[in-house]
Structure formats: structure tokens, C-alpha cells
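Notes follow the structure.
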Amino acid sequence: GGAVRVTLVQGLAGEEFYETMACGARAKAKELGVELEVQGPQKFDPTLQTPIVNSVVAAQPDALLIAPTDVKAMIAPLTQAKQRNIKIILVDTVVEDASIGLSRISTDNVKGGAAAAKALSEQIGGKGKVLVISTDPGVSTVDARIKGFEEEIKAAHPGVSSLGVQYSHNDVGEASKIVNAALAKDPDLAGVFATNLNSATGAGTALQQAGKLGQVKMVGFDAGPAQVKQLKDGVVQALIAQLPGEIGAKGVEQAFAAVKGQQVTAAIPTDATIVTRENVDTPEVRKVLYKAGC
Amino acid sequence: MSGRLLSAQVFWIGLVLVGLLAAFALLRPASFATPFNLLNLVSDAAILLLLATGMTYVIITAGIDLSVGGVLVFSAVAAALTAEATGSLLLGAAAAVLSGLGWGLLNGVLVAHGRIPALIVTLGTLGMSLGAALLLTGGVDLRAPGELNLGLGLARWLGVPHLVWICGAITAVLGFALARTRFGRHTYAIGSNAEAARRAGVRVGRHLVTVYGLAGLLAGLAGYLSLAKYGITGVSAHSTDNLQAIAAVVIGGTSLFGGVGTVAGTVIGVFIPAVLQNGFQILGVRPFWQQVVVGAVLIAAVYADQRQRARRDQ
Amino acid sequence: MAGPLLEARGIVKSYGHVEALRGADLALPPGEVVALIGDNGAGKSTLAKILSGVEPPDDGEILLDGRPMAFSSAEDARAAGIETVYQDLALCADLTPAANFFLGRELLKPGLLGRLGLLDDAAMRERARQACERLGVELKSQDAPVSTLSGGQRQGVAVARAVTWARRVVFMDEPTAALGVVQTRRVLDLIRGVRDSGVSVLLISHNMQDVKAVSDRVEVLRLGRRVARFDTAQVSMEELVGAMTGARG
Amino acid sequence: MSGRLLSAQVFWIGLVLVGLLAAFALLRPASFATPFNLLNLVSDAAILLLLATGMTYVIITAGIDLSVGGVLVFSAVAAALTAEATGSLLLGAAAAVLSGLGWGLLNGVLVAHGRIPALIVTLGTLGMSLGAALLLTGGVDLRAPGELNLGLGLARWLGVPHLVWICGAITAVLGFALARTRFGRHTYAIGSNAEAARRAGVRVGRHLVTVYGLAGLLAGLAGYLSLAKYGITGVSAHSTDNLQAIAAVVIGGTSLFGGVGTVAGTVIGVFIPAVLQNGFQILGVRPFWQQVVVGAVLIAAVYADQRQRARRDQ
Amino acid sequence: MAGPLLEARGIVKSYGHVEALRGADLALPPGEVVALIGDNGAGKSTLAKILSGVEPPDDGEILLDGRPMAFSSAEDARAAGIETVYQDLALCADLTPAANFFLGRELLKPGLLGRLGLLDDAAMRERARQACERLGVELKSQDAPVSTLSGGQRQGVAVARAVTWARRVVFMDEPTAALGVVQTRRVLDLIRGVRDSGVSVLLISHNMQDVKAVSDRVEVLRLGRRVARFDTAQVSMEELVGAMTGARG
């Protein structure tokens, strides 16, 4: 009896992507009369997310909305959840086990990665060294972005040479250190693609500090407040904004449906928008920028 | 280090843990105090327990080991690479344990014979082991062989995960060894007064090498078990392992100045933060509030322990 | 007099600018009690530490049974049958008296358990208690760590330990400084007993009565050098004091 | 704690630093030994220097402060919120410094009067301050007011950033105070033998509260300066500040067991890792190799220091 | 005899199960030297610590000038003019002798600098050196920390400190245990001098010669209780020893 109880487990507490997701989920939950709780680890890390999932599962909510931090490592705790008849909805990231997740809601990340490649190549005039900063390997979304990015470069931008991927563990400071080091090692670095919010924020900070404005171009996934400021400051040339709020809202919808025994949709793609200095102040684009809180 | 003294040392902080368990059980009987939850809690804490047990020995000698997280990761990487190259899980396990031991012995030799402060040595080897692990993997998490992750990682006996049995047994043996064997006695003696121990004929240098070696070996084993449990090497996940282990040891009544402490206390010290985290998560406390509340309750718990012990002594 | 059991020649030891010993000599004949006396800071404790392997000398020679030897650690000296009561006592304050008494030579349980390193705490406690009792040192609790003992009780533990284990030589650096009247007498008796059992004793003391009462010969250290040697039977208090302070001698 | 003793303590480790500087300058004269690079290096290290200076006082009392990173973040958040709400940078700075002081005093009171081990207290307040900061911001980084970031954050005098002047001056004053004032003397006395200090009439409790308060105040100021320099509150960036500060203090020859140490040593201890990082980056050593090499050189540096000092003492 | 300056009545103190004091009494008349003697572990040091505010008693009363008072800390006792030489000396091993000597009463530079808390190290060094010299305690270096001093040198520093600062009472817990012959004599002279200047002295010692030589009266503690009091002039060594050990008394 009683209201439907849903818990959202974020990939990282406090990151604007996930906070915006939580805002969307809360709004929808209110609308549907769902009791929503939000939890998340202090670091983007499966060994920290696992105990949280375990305790959430122990509290036995009706449904679990989760952004798993690793495609493999999170299978075991989620299997346990499934065995306890908790409906699982994957928001943003996924796990490799296809039987987990009644619904999977996310951006088309391969496409987003390719779009980033095009934008960056354009910015650097089609030639030069580019570096990719990501979170960790084994995170479905960012891995897909890298895939899309590299395929696009290989296929259509012969002048661009990739320096490969460096991993920031979704930590702003770490990302900034990586870019610092890269600048020291490759003074002729032309472009940076940062595959997610914290990687981009950190990379942008490093570029800003190094005084390399204009010299190194950057395209980043996500559109958190810090990133938008970097865009406006000219540190970053383009952002690819997802719709985390919508992902959260849709997640709650699907969870509610699953609990009520209604039809659920197995895969729901959400849109992505390219944000540039030119369009950032237009109302349509302003709508998709992430929020720090709701 | 009489039996009576030990149990008194652990008694009050144990009571605090019991109090916490009771409080959460009362607040959420249906979800907290279930075998499901408690088993998960124990199994999530089991690996930290190994690290903290090794740390107990080290801290009782008045040392410290910041390298455990790095050594754990290095060992997990060594195990994953070896298991992949040879196809043998056993060799993988051996690689983990031996590389852990190797790092530990390096720590021990530098501390005991180089006379370098343990904090610096193990901070250095933390960077070295983590850096080396990242070099071996290119900075990317390696995956455990499937048989390991699905085998040891999930296997249970009497409903309890193998991991828990292993960590529990090792902790029990080492707790007993610390309290009741010559090796343990010398550990206390060195931490209490290394010079007096040396004059009394205790081979302080060799003993310290062994103690750091033990801590390293346990970190190596922890790396293997963590690889089994989580299926990945976790190259970025263990940066606070050292502080967590040290905190557990200190919560359990071991003095950072050496000479005093018990493994039983450490076990309690591992579980107090674990229970707090788990309980607040089940209560649905928001993540940032959790940090605040866990911090405050931690202080309060140790305060209660100190007060009671002081009252008894006066 | 037979050749000395233990002899030190020209021992030099500096700490930074402080010259603690500047060529000190000492001879300890077998089966005798030699008192080493000297003013505060004369270098007595430093010499004792060097002879028991705790500190390395900067220069000089140590002969045991006439053979030059270099103790590189206290363990070497102990292996040679030498025990020491250090002025700073060198006890582990967190351990019980019995644990200190047996430190480095713990009794293990018989059989397999013992081979696993299991301690026989009950036996150690009992033997330590007896050894302390022989000195008249009473401990109210055998389970309390040494840090809770009174000054005299601690010294009793240290003296009992050294005397129990010494096979050839005991160095005693002011062993009765904190002891009560009765305990002091017992220790002096014990020193005689030990000597009679063939163990040589080097007694460092500021108490001239005790020195006169128990020693066979006296060596006087001043400013890091031996400045006088006496046959105890033939020396007066005044001569001893004079030698120490340099008023004469 | 004579002048002579102090300088001898710092002499060898200072020589190690000079050696490192010389080595990098020789290897990369055109890029390492430039005013540009060295100024950057100093200005990146300046904020850590404040934390490490406070930590020096704390460690000399035989304490420890793990909370500095959390307090820094909290203070930065307090400053950003206050400056935004009032429009006054001065009030923002006051908010940072006062909240730092507040956390520090809380640490001090709990350590001095609660008799809780400093490690536990400050681990607790680390979680509490960081959690509170995250609660205040909803977990996301706040921006500094533009005038701050572009003003204090960039301003220079005689070519040297204001930040460096500020941190340098404070460090110099506190270094002097430690060595030459009654307050400093009591700090050493407490760390050397708290009971003896108490018996001699030193108000140990009050002094400890002040020392932890000072460390907190410095962390608060560091939060404000970091907000100015980086333009963001850095909610996730300071998790290793505590270890970095502690390492700097220990590299500088301060004993974790208290009673011994100097701020001059700490300054060197801050710069040795900073120079290593910077130098290896300029040499183009790969990031993971850097970790390995920095770890190894750190151990070697302290080893060289210990050996030389030991040789002098014998 | 005037009313006692300091009086303790029925002091009780237990540590866990160990009863260190079980209703101990003590009276210290103004301008007298009272010796407190007793076997090892009798509770002498515990009583001294309680009277100097270092440990709180479990029960009992302390009267200063006939008025009940409760020292809640060593600082209170010091403020009342009471100084103590503790058996464990209570020195900060990392500080220099002068820093220890002036700990808690540091000399500051004159003028503004002083008001900023700046230490006058030169003046402190000089005065500490003089005070130690008066006891015949020579320090080879004033800049070395106390941890490098010999046992006697350390004790000299502690004694010099207490004697210098005491205005009404000095407790001395075995102040000459580590001192050389000359230094011991000087301390005994000093005790007399202090007494003659109107400061009362409580001397804890195991050396009956010293007790006889310097004290006006003797109080004997056994098993945590006062079991006898004597006028020193009228008591023999044998009586004292008997009272301590319980052989008679």
C-alpha cells in the first residue's frame, strides 16, 4: 500500500549533471505522488557506489533509478536488487548485463562524440594534435563518446592527430593536472575534447590558468554553470548539452509505470544540443543549461 | 597487555557500536536489521578490515602506512595481468600477495634501516605503487577474469560470502597473534619504547620489516579480493583507504603514539563508520548531510568511549 | 689478580661538540665488584652504554677475556652474557612488569603452541613476581603496565631482570637510586651473591657508603677519563670524594 | 630550540632543495629556471604553505589536523556566499577567516577538553565542514565574484602576485613567532611533554585551542585566497590537502611525535614536492612516471637529510 | 609549633583497583623541613602530586594556612607559592635547560618586543646557568636539549627550578637520587637555606643520612597511611627504618 517509493542513485553526488537529473526527477515525482529519495557517492567510483546500492536495496524501495559508475562492477549489486524485486531503471549510464534495467534512458552518446569531433576539428582548422579527457574506462556513456569522437576523426579529419585518452576519474583537479602536464609536454597542442562535466571544467580551468586562451581550442560535453562561464570567457568553444532533467523525469515516469505494472519503454533516447558563444543566450538554449539546484 | 586490560579497552567502544546498531534497528527494523543488509554491510567492510588489521600492527609499533591503497591497486593490477597472461587464478593470487609483500618489505626496510619517518616512506611508496599500477595499465581500470568475479567474488558458504570468511579468519588469527604470541609482544614493545626493546635483545629492525611486510601482504591480498568482488582493479578508488584504515584503528583505541591497541578494537573501528554510513543511507539522509552527521557521530562515539574509560581509571 | 674479564681502553665518545668520554679506561676482573664513580656528567653512563653495546664508541678498544671485540648491538653483549641496568631503566612503559622482565626471552607454551610462538603468560608472571619479591619490591598488580608503577618499583623490575639473566657481567647504573632502605640492602646483598656466583659486577653509584660496602675496587672517572683506581679496602671516603671532584687525586 | 639547532635542522634538507633546483635548472635552463616558471611554482605553492604553517604548529604540539581541506572549502563557500549576498569582498574575507577560525576552535576544544584523539576530531570535522559546504552549495562549485578573481587573484607587486606576498609574510611572521616568542615556546613544550608543561603552569588546554584555532584561521584565509586565485570554491579539489600539508611538515624535519620542528623546514617541505612535480612536468616525464619518480625522490631526499643530520650528531 | 602551613587530612586515592593512599595525613609547619619517608610504593609520590595539584584526591582535605583549599591544577598550587621537584622530573626533553627552567614564566624582552611575547633567551640562559652552578651542576652546552643531559644534570635542572621559584613551600620528591656527592651536599645546604628564608620544605627521600642531616621532623608513610611522626633530633636510624617497614612503629 501507500505511495510508490523510488530511490535515485547518482553517479556522483553534487555534480551538476546529476543534480539537474535529481531536480527533474523530483519535479516528476511530485507530479506523480511518488516518494523520491536521492543518494550518491562522494566519488565517481563503483566501490563507493556499491555499498550505497546495497543499503538502498536493504531499504527495499519499489524502484531504483541508477546511473551505474561501471559497466561491469555494478552488475553484482544490481543483480541483488533485481532478485529482491526492485524495478531497476538505468539513467544515463548502463551496465553490460542487458537483463538489468527495465528501461534505459540516455543521450545518443556515439553521435554526440562525433558531433564534438566535427566541432573541434572545425575550431582548429582541421589539423593539429588533440587530446581527450575522460572519466574512467568502463563508463558506458563516456566510452561511447570517445568511440564516436575517434571514429569521426579517423573517418573525416585526416589532419587531426589524436594524442589518445587520459582519465580524470571524474575529478576536476585531476583533469586540470592532466591538461597542465599535456601543455608542458606538447606545447603545440591544438585541441581538447573533454567527455563530461567535471573533466571539462577541470580542463577548462587549466587552459584558463595557462593563459593559452585562443591557442588551444576545447569542446566539452555537458553544460554546467562553470562550463557555461568558460564558454562565455572564450576558454571553451563549444559545449554539448544533454537533458539530464528530462532523463530524471522520464526515469521516474518509467519507474512509476513499472511498479504499477504498466508498459515500460526499454530504451529512451534523449536529445543533445550544441551550445556555442553565439547561441548560449537564446531562450531555447538557456533552457538546456544545467542547474546547481532546484 | 593483560587480557583484562584488553577487554576493558574494547568494551566501551563496543558498547557504542551496539548502541548504534540498536538505534538503527529500532528506527528501521524491516530494512536495517535484516540478514540481507547486515551481510552486505559486513561484506562491504571486509576488505577494509584486512587493511585495518595490518595497520593496527604498524601503528602499534608507532609507525604508519599510507601506502596501503596504492599497494592494493598495484596488487590487483598484478593479479589481473598475471591471471590473464597465465590463465591461472592461483598465479594471479600469488602475484597479488607477493607484490603486496614486496611493497611492504620495501616500506619496512626503508623505515627500519633507512631511519626515514614512516609517513614519508609510505607516502612515497603510495605514489610509487599507484604510479606503477597506472603505468602497467595505461591508467585504465583492468577487469577481473570472469571466473574470479563470478567465482570467489560471489561464492558463499553457509550464506556468508567467502570473502567475509577469508577476511574474518585472517583478522581473527592476527588478532590472536597480536595478543598472545611473542611476535605480538615484540610489536607492543617496539611501539612502547623501541630503544628499550632493542636493548632487551628484540631485533627491532627485523621485526619492523616483518610488520610492514605483513601490512603490505594484507594489502596485496585485499587487492586480489577487491578484484574478485568488484571485478575491476579500481585504480582510482582507493585514495582514501589509508585514512579509513587509520581511522578505524584509532577509533578502536589504538594510540598513534604506539604501544597500545588491539585488533578487536580495530574491528569495531571498521564497523562504526560502516554502520553509520549504511544506517543513514537506509534512513534516506541526503548524501551531504550524511557526511556531516557521520563526522559528528564519529567524534561523539570516541568521546563517549574516552569518558567511560577515563571514569573507570580514576 | 687474574687478567680482567672485561677491559676498556682509550674509549672516546663525542656527541656533537660534547666530548662525553676522552679516552676512558676500565678493567673488570672476574668475580669482582668494581665500582665506577664520578661526578655528574663525568661519562659513567656513556661508558656503561658503550660497554653494553648500546652506543658505538668513536675510538678505543674493548677486550673480553683479553680478546678484542666489537659489540655492534646490545644483543651481542647479551649473547656474551652481559646484562645491564640502565640509568634510564629502559623499560617498555606500556607492558607489564613480567613482559618487561622476559622481553626478548619470552617463555612459550610447551609443545606445538609454543612453537607457534604462543606466550606462557602465567609462568612469566609468576617468575617475575618471585624475582621482584627477592628484592623486596612488591607490586600491587601484576597486570598493570609499568607506567603505573612507583619509581622504586620500576627500578626493582629493571634490577631483577638484569640480575636474573646475567651470566658473566652485570653493569648496574645507579641501581638503588630510587629504592627504599630495605630494597637497597637487598640489592647490595644480591650484588655480593652474584659476585660470589662468579659474575662480575660493575656498579655505578653516587652513594659512597654503598660503594664502600659492596665493591672490591673503585675506578674514578672525571671529565671523560679515568683519573684514579683504588682498592676499596684501602681507601677512605675522603679520598674517593677528592678523586671525583679533582680536589686531589 | 636554540637558533643554532634550528638552522642545522633545516640546513641539510634545504641543501636537498637547492640540489633539486640546480639539477632541473641545468637540465632545462630555458624553461625551468625562468622567472615565469619559478613565480608560477611559488604562487601555486603559496596557499598550501599557509595550511602547512598552521599544520606545523599543530604537529609540534603532537597533534594533527586532517580537517584543513574541508575547512578551506567551507570558508571559500562562506566567502563566496557572503560576498554575493552583501556585495562586499571585505565581508567575504571576514566570513572566510571567521568560519575557518570557528572550525579550528571547535577542533581545539574537542582535542583539548574532550580529550578525543586529534586524528578523530579532525577527521570528523573534515567530513562535517566539507558536508556543510556541499549542503550550502548543493554540491556544486560556486564562482568567485569577478572583482575578486580578477583583482586579488591576479594582482602583482614588484612582479610578484599579492597572494605570494600575503602567504609569504604570514609564514615569516608565524615562523618567527614559533621560534622566538613565548607562544612558540609553549607550543614546543606541550608537544615535548604536555604533562610537564601543565605542571609548569602552561595553560595547555587554552594553548591547544589557540593552536588549532590558528590552523583553522589559516585554512579559512587559504580558502579565501584560493577562491581569489582559482575563481571557484573547489568543493572537490581539496581532498588531499591534509596529507600534502602533513607531508610538507614532516619533510621539513618536524616530528609527528611533537616537540621538534620549524616553519623554515616546512617551507622547504612544501617546495620539495612542488619543485619535483614542476620539474618532472617540464622534463616531460609521463604523468604516471611522475608519480613514481616523485615518490622515490621524496624518500631519497628525506633519507639524505636524515643521514647527514645523524652523521653530524654522532 | 605554630599551626601548620600546609596540612593534608585523610587523603584517599585509588587507581583502578590499586589503593595508593588510604587516608593519609601530613602536616608541614612553616619554615621547617619535613621529611616524608616510606617504603617503595608507600604512596609518597602520589601524596606529593596531590598536594601540588597535579592529581585530584578521591577524598580528604587540604588546608593551606588553616583554610581548606582545592587545587584544581598545578597552576593553582604554583600561584599559591608552591613548587615541586617531581620524581619523574617533569621536564620537556626537547627544550633546553633554560627553557625548562623558565617554562611558564618566561622572561620577555623589555619594551614593545616583550609585550609582543618575544623571549629574552640570553637572559634566561644566563640565569638558568647561574642557578645550576649554585648546585654544582655543570652543563657542557646550554643549547642542547634536556634529552642529552646526564641523569644528574637533569635532576639538577629540576631542583634548581623549584628552589628558585618557591615562595612558600617546596616539595622535593627524591631530589638527590641521581646527584653526585658534591651536588647532593649542595642541595642539602640549599634546603637549609630555603628553610631559613621561611619557605617550608617537604623532602621525600630514601637516604636516612640525608633525612637525619637536614630535616626537622619526619613523617612515615606505609601502605598509603601515615604510621608515625618523629622529631628528627630525637629519633634513631633504626627507629625510622622500623617505622617504614612496619617491623615496629
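Observations, loosely collected:
Which chain is which? They are A, B, C, D and E, in the order written, and residues in each are numbered from 1.
Here is the rule we go by: contacts are C-beta pairs under 8 Å (C-beta built on N, C-alpha and C of every residue); 3 or more make two chains touch, one makes a residue touch a chain.
Please read all numbers here as calculations on a predicted model, not as lab measurements.
Contacts with chain A and chain B are shared by D.
Distance from the centre of chain B peaks at E, each centre being the average of the chain's Cα atoms.
Chain A and chain C have Cα centroids separated by 73 Å.
One simple way to say how far apart two chains are is to compare their mean CA positions; for chain B and chain D this gives 28 Å. In chain D, the residues touching two or more other chains are 134, 139, 286-287, 290. The multi-chain contact residues of chain A, meaning those touching 2 or more other chains, are 13-14, 166, 171.
Within chain E, contacts with two or more other chains are made by residues 15-16.
By the touch criterion stated above, chain D contacts chain A in their complex at residues 134, 137-141, 143, 230, 232, 234-237, 281-282, 284, 286-287, 290. Residues of chain B touching chain C in their complex: 1-2, 4-5, 177, 180-183, 185, 188-189, 191-193, 195-203, 259-260.
Chain B makes touch with chain A in their complex at residues 28, 30-32, 34, 36-37, 40-41, 44, 139-141, 143, 149, 153-154, 226, 229-232, 234, 236-238, 274, 277-278, 281-282, 284, 286-288, 291. The touching residues of chain A, counted against chain D in their complex, run 13-16, 19, 166, 171-173, 177-178, 180-181, 184-185, 198, 201, 205, 209, 224-226, 229, 292-293. Of all residues in chain B, those touching chain D in their complex are 62, 64, 66, 110, 114-117, 119-121, 123-128, 130-132, 134-135, 139, 239-240, 243, 246-247, 250-251, 255-257, 287-296, 298-299, 302-303, 306, 310.
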